[in-house]
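Next come two complexes, and both contain subunit A; in the first it sits with subunit B, in the second with subunit C.
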Partner chain A sequence: MLKYSLKRLLQSMITLFVIVTLVFLLMRLMPEEGYYGDRGDKLDEAQKEAILTDMGLRDPLYIQLKNFYSDLLHGDFGTSIIYRPKVPVIDILKDKLPYSLYLGLSALAIALVFGLSLGVLMTRFKGKIGDKLGTGYIVIINAVPAAVYYLLLQLYVTDILKLPILFDSDNPASWILPAVSMSLVSMASYAMWLRRYMVDELNKDYIRLARAKGLKNKVIMVKHVMRNAFVPMAQLLPMSVLYTISGSIYIESLYSIPGMGGLLVDAIQRQDNPLVQTLVLVFSSIGILGLFLGDVLMAIFDPRIKLSKQGGGR
Partner chain B sequence: MNKALKKAADSIDPALFEFAEYDEKAAENSGFSNYSYWRSTWQSFIKNKVAVFLLIVLVLLLAFTVIQPYLPNQKLPTKIYNDEETGLQLRNVLPNNEFWLGTNSIGQDLWARIWSGTRTSLFIGLVVGASEALIGIAIGALWGYARKLDRIITEVYNVLDNIPNTIILVLLTYILRPSLSTLIFAMCITSWRYMAKFVRNLIIIIRDREYNLASRCLGTPTRRIIVKNLLPYLVSVIMLRIALAIPSAIGSEVFLTYIGLGLPVETPSLGNLINEGRLLMMVPSLRYQLFFPAIVLSVITISFYVLGNVFADASDPRNHV
Partner chain C sequence: MGAVKEKVNVKSDVVLSAEEIVIKFNLRGKNLTAIRGCSLELHKGESLAIVGESGSGKSVFTKSFMGLLDSNGWIDSGSIIYKGNDIASYKTEKDWLKIRGKEIAMVFQDPMTSLNPLKTIGKQVQEAVELHQGFKGDEAKKLVLEILNDVGISEPEKRYKQYPHEFSGGMRQRVVIAIAVACRPNILICDEPTTALDVTIQAQILQLLKNMQKKYDLTIIYITHDLGVVANVADRIAVMYAGDIIEIGTSEEVFYNPQHPYTWALLSSLPQLGVKGEDLYSISGTPPNLFKEIKGDAFAPRNPRALKIDFEIRPPYFELSPTHKARTWLLDPRSPKVEPPEAIKKIRQVWGGK
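What follows is the complex of A and B.
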């Protein structure tokens, strides 16, 4: 168990290292205009050269790479160029992080509670109208691009329930719709997989035995089916972290929530390279962390798992 | 004793131990059933009425997107129409006889733009789906068959698989110039992994099954083992992945357009249209500019998704009687 976690941690570190290096190298491919901010056309060649030298962009590549690593280790993520000129990126993120964190965590909690209940209900009423409605919901969420139903929700649900259409951190009602929207995708995947695992479990021989010896349906469901079906559910947790990340990018800019997802859209549209670079690193770190925790959790639940079996596992 | 053995050995006809040529008639004589893989697949597919309905809808829709520009009275998707009297652009005209679905905020015909956008989005989806199949099957087959490569590819896969897809898409499209080929390239980079993983896992499961061992012992050529013994098991997974790759590629296009990394405005795509509609959605009378592309988009993606799932079930040999 401990050995597995350590190995898995090493794997995550390697992935993180690969991403950091890739991001750095790819960012060097960007045109240099991005580094002058909005004064680009007013500067002459010598001034441009001075800015680039000052930022260390004229050093040989391996020195730049070394500096980049040591800056990251010291918590220095560079300064924003256009979004808020000369402000360290880390200070911008400090203001934004809490919103994204609360919103993401509440979306995860909503998805877990309602997704699992939906899965159980769909198994309970298998083949009936409720099951079919649930399947319809899952198909729509999985097939239709998220933008479409996020927009429709914002358009109509705010109208019907008289919820505020934009986010306001002092108004608790304005948290509801963003958090619920963000949880929709994970909710669908929880419900879909829980239903599938429970139906698989129901078809097994030991359930038939339990029925034959006269165990009550309720006891079978709770003690056998649900308990066994929940084990593989642990691997969905990291998936829903990833869904929440991409959801937050949409939702935060739709509802103008001052979080990191909305910031990424802003930074991309204004071509603020250091900000985009840092946000990409932050989001991928969260993703890697989520996947790592999910795999460790899975190993705690299911002692048969060994690292060598991964690769195809997820 | 030795002599007796030798005598017995001599009387054995070595020709009996040669591999026989495959002969269809001889095979039919030894317990022939008129099972045909594709016929059984089709038979279980058409049992699902919803899937058949969606298949018809999808075929009609695809056919229409292709022939739409050649029909009479069609407008150009990128032409800006002006009012003949005042010379002003015909902005946000509501649906009427002239402009069947109205015009957008700079006076372009929405009907023509939707079909042109559907063509673009479908093109992206089909190219991404096809290249996912090509790259994924090639790598997956190598991964599953070549035992020496298994460990290396697994390690590389595990490192790559930890990187969130969204991040790769955003990063690549941010750095490259926004264009059709950039989008397709970025999506291909991320999507082949699923196919490779599925193909690899299936091949590992199937390659050493008893019936394949038996086949190999009987001297069935490798080509025949692959085509007749392995492929039917893979078809369902491959088709499912391709069918799902199309809606997810279309969805990625919408996502990238939304965050400002999509196709340039001159190229209509469903993502572009939805984004244009979003900017106007707070005006109730102009919401049609969001709805029409959203409806076409939903019909296409849902059809592909459902058809893929139903076909995967139908083409799985285990579900054939």
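What follows is the complex of A and C.
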């Protein structure tokens, strides 16, 4: 297990390295005009040149890359160049991270609790009206573009439930809608897959044996069916982490939440290279952590998966 | 067999008696009759084999003794008397829990899938011990180790902690048997216990079941379509066709003096009776459609020598001996004499030394 974790950690480092390098290079492909913002017309060539040199963009690419790596290794993520000039990126993130983190975690928690419950209930009432309603919800979530129901929620539910339409860090009620909206996609996928895996398990021979043994239905459901259905479910955890990240980008701008999702969009548009690079690093670390957790969880649940031997469970 | 009469029609050694059982299933809005008025008496300590082709209702019939029919099936009429109660009338899970495991246990066909892959062997046996023998914790574990040892699993201490995927097919079937035995049932239903195993292991498992039967005083029902298994273990044989027992008797009687044309056909297709160079006998046609009402003898359409009455009226049982009876008009004194096929006569020569 330890050996596997270390190996996995190394792999993750390599993945992260490739991701930041790609993002670094992509940002260097952006047109230079972007760096001047709306001052572009007023500046003459010499001033423009001075700005670029100041940002270190006139150095040869390999030098820039070398500096970038060595800064990263020293834990230096650079300073913002446009968004809030001369402010260290870390300080910017310190303000923004808590919002995104709390929002993401609460969305994840809501999705887990309600998604799994919905899945269990759908299995319990398979083929009945409750199951069909649940399926309807899942189909709608998967078929309708997220923007549509995010907007509908913001427009109508705020009215009906008297919830604030925009985020306000002092008002706890304003957390509810963003977190719920963000959890909808994950919730649907948890419910759908848990129902599917549980129904799968229910039809297996060992359940017949458990029944023939004289075990109560409830005990079979909890100790055999649900436990076994959780193994493939562990694969979903990383997916829902990724959903949550992508959801946050949209939700945060919709509700004006001062989090990292909105910041990323902003930073890309304004070509604030260090900021973009760091944000991508943070987001991809979270994604990779999710994947890793998924693998480890699966190995914990399923004794047949020996992570260290083959070096990977998937 | 002691024929001491306690109640009317109930002999003291009858542990379970199914009477005129009709089982129906609802499939896509249509009703299918899987078991058509099937009766069976099970005697204490015996091994009864139920044989018949796939779909003849062997499994469904015995599953109804434990309330394990699929959710779209039900016992339409008839009674199953066990210890003075009609368990066919049981509806709730609570009722069935009194029977399942405790009174009747089951060994399934495929050991590769009948164990929970994510629980240790020990825990799975222990579940049964804790449920039915009232032990907990260490005491239960001790008993589990004993049972594992009984079913021929060496190093039970080590094996207790292992998972099913670390066991071979034969070993897993031993564990499945251990689970069944750990329930301390009266009756053990073995649903094709050796079908999924290779031939060398088959004999071992059958021997194990025999030993368990002696040690724990079990009454065993074998469900199988392997007549070799039957010849090996069964005291009595019931032949099922299209949801009814068409012939039942002691092993000797059914093998050496079969009466029903279907039993003839079944035995004729035994590879042991084939002549080298000749095609092996096979029964033409397919079993009847169970969605439709079956008139007369269900086997008549596939029986080349069927009588006219076979298509019209369902034959009653004709008794040949106190233990042997068959549902065929051929046994009616008014029917013409029909000789059994050649192959049947050969059985005595081939297996006569048994």
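To be clear about the criterion, the second predicted complex is superposed on the first by the 276 of 314 C-alpha atoms of A that agree within 3 Å, B and C clash if a C-alpha of one lies under 4 Å from a C-alpha of the other, contacts with A are read in each partner's own complex, and residues count from 1 in each chain.
Please note the rule applied: a contact is a pair of C-beta atoms (placed from the backbone, for glycine too) under 8 Å apart; a residue touches a chain by one contact, two chains touch by 3 or more.
Computed from a prediction, not measured in an experiment: that's the story for all the values here.
*Asks:* Give one word, clash or fit, describing how subunit B and subunit C relate on subunit A after superposing.
*Replies:* Aligned on subunit A, subunit B and subunit C fit with no clash.
*Asks:* Could you say whether A:Ser5 touches subunit B, subunit C, both of them, or neither, answering first, second, both or neither?
*Replies:* neither
*Asks:* Who does A:Asn228 touch here: subunit B (first), subunit C (second), both, or neither?
*Replies:* second
*Asks:* Count the residues of subunit A touched by subunit B and by subunit C, then name the partner with the higher count.
*Replies:* B
*Asks:* Have a look at where A:Val148 lands relative to subunit B and subunit C in the superposition and call it first, second, both or neither.
*Replies:* In the superposition, A:Val148 contacts subunit B only.
*Asks:* Kindly classify A:Thr135 by the partners it touches after superposition: subunit B alone (first), subunit C alone (second), both, or neither?
*Replies:* Neither subunit B nor subunit C is touched by A:Thr135.
*Asks:* I'd like to know which partner A:Lys213 touches here: subunit B for first, subunit C for second, both or neither.
*Replies:* second
*Asks:* With both complexes superposed on chain A, which partner does A:Gln269 reach: first (subunit B), second (subunit C), both or neither?
*Replies:* Only subunit B is touched by A:Gln269; subunit C is not.
*Asks:* Using the touch definition from the top, say if A:Phe301 reaches subunit B (first), subunit C (second), both or neither.
*Replies:* In the superposition, A:Phe301 contacts subunit C only.
*Asks:* With the two structures laid over each other on chain A, which partner does A:Ile19 touch: subunit B (first), subunit C (second), both, or neither?
*Replies:* In the superposition, A:Ile19 touches subunit B alone.
*Asks:* Which value in Å is the smallest Cα separation between subunit B and subunit C when the structures are fitted on chain A?
*Replies:* Minimum C-alpha separation, subunit B to subunit C: 12 Å.
*Asks:* Subunit A residues touched by both subunit B and subunit C?
*Replies:* In the superposed arrangement, which is not itself an observed complex, subunit A uses no residue for both subunit B and subunit C.
*Asks:* Report the residues of subunit B in contact with subunit A in the complex, numbered from low to high.
*Replies:* Residue list for subunit B touching subunit A: 154, 157-167, 170-172, 174-175, 197, 200-201, 204, 247, 250-251, 254-255, 258-261, 271, 274, 278, 281, 287, 290, 294, 297-298, 301-302, 304-306.
*Asks:* Tell me, which parts of subunit C touch subunit A in their complex?
*Replies:* 66, 68, 93, 97, 99-102, 105-106, 108, 110, 113-119, 127-128, 131-132, 163, 165, 176, 179, 183
*Asks:* Provide the residue numbers of subunit A that touch subunit B in the complex, in ascending order.
*Replies:* Residues 11-12, 14-15, 18-19, 22-23, 26-27, 29-30, 139-140, 142-148, 151-152, 155, 242, 245-246, 249-250, 253, 264-265, 268-269, 276, 280, 283-284, 287-288, 291-292, 310-312, 314.
*Asks:* Help me check something: in the complex, which residues belonging to subunit A touch subunit C?
*Replies:* So the residues of subunit A touching subunit C come out as 204-206, 208-217, 224, 227-228, 231, 301-304.
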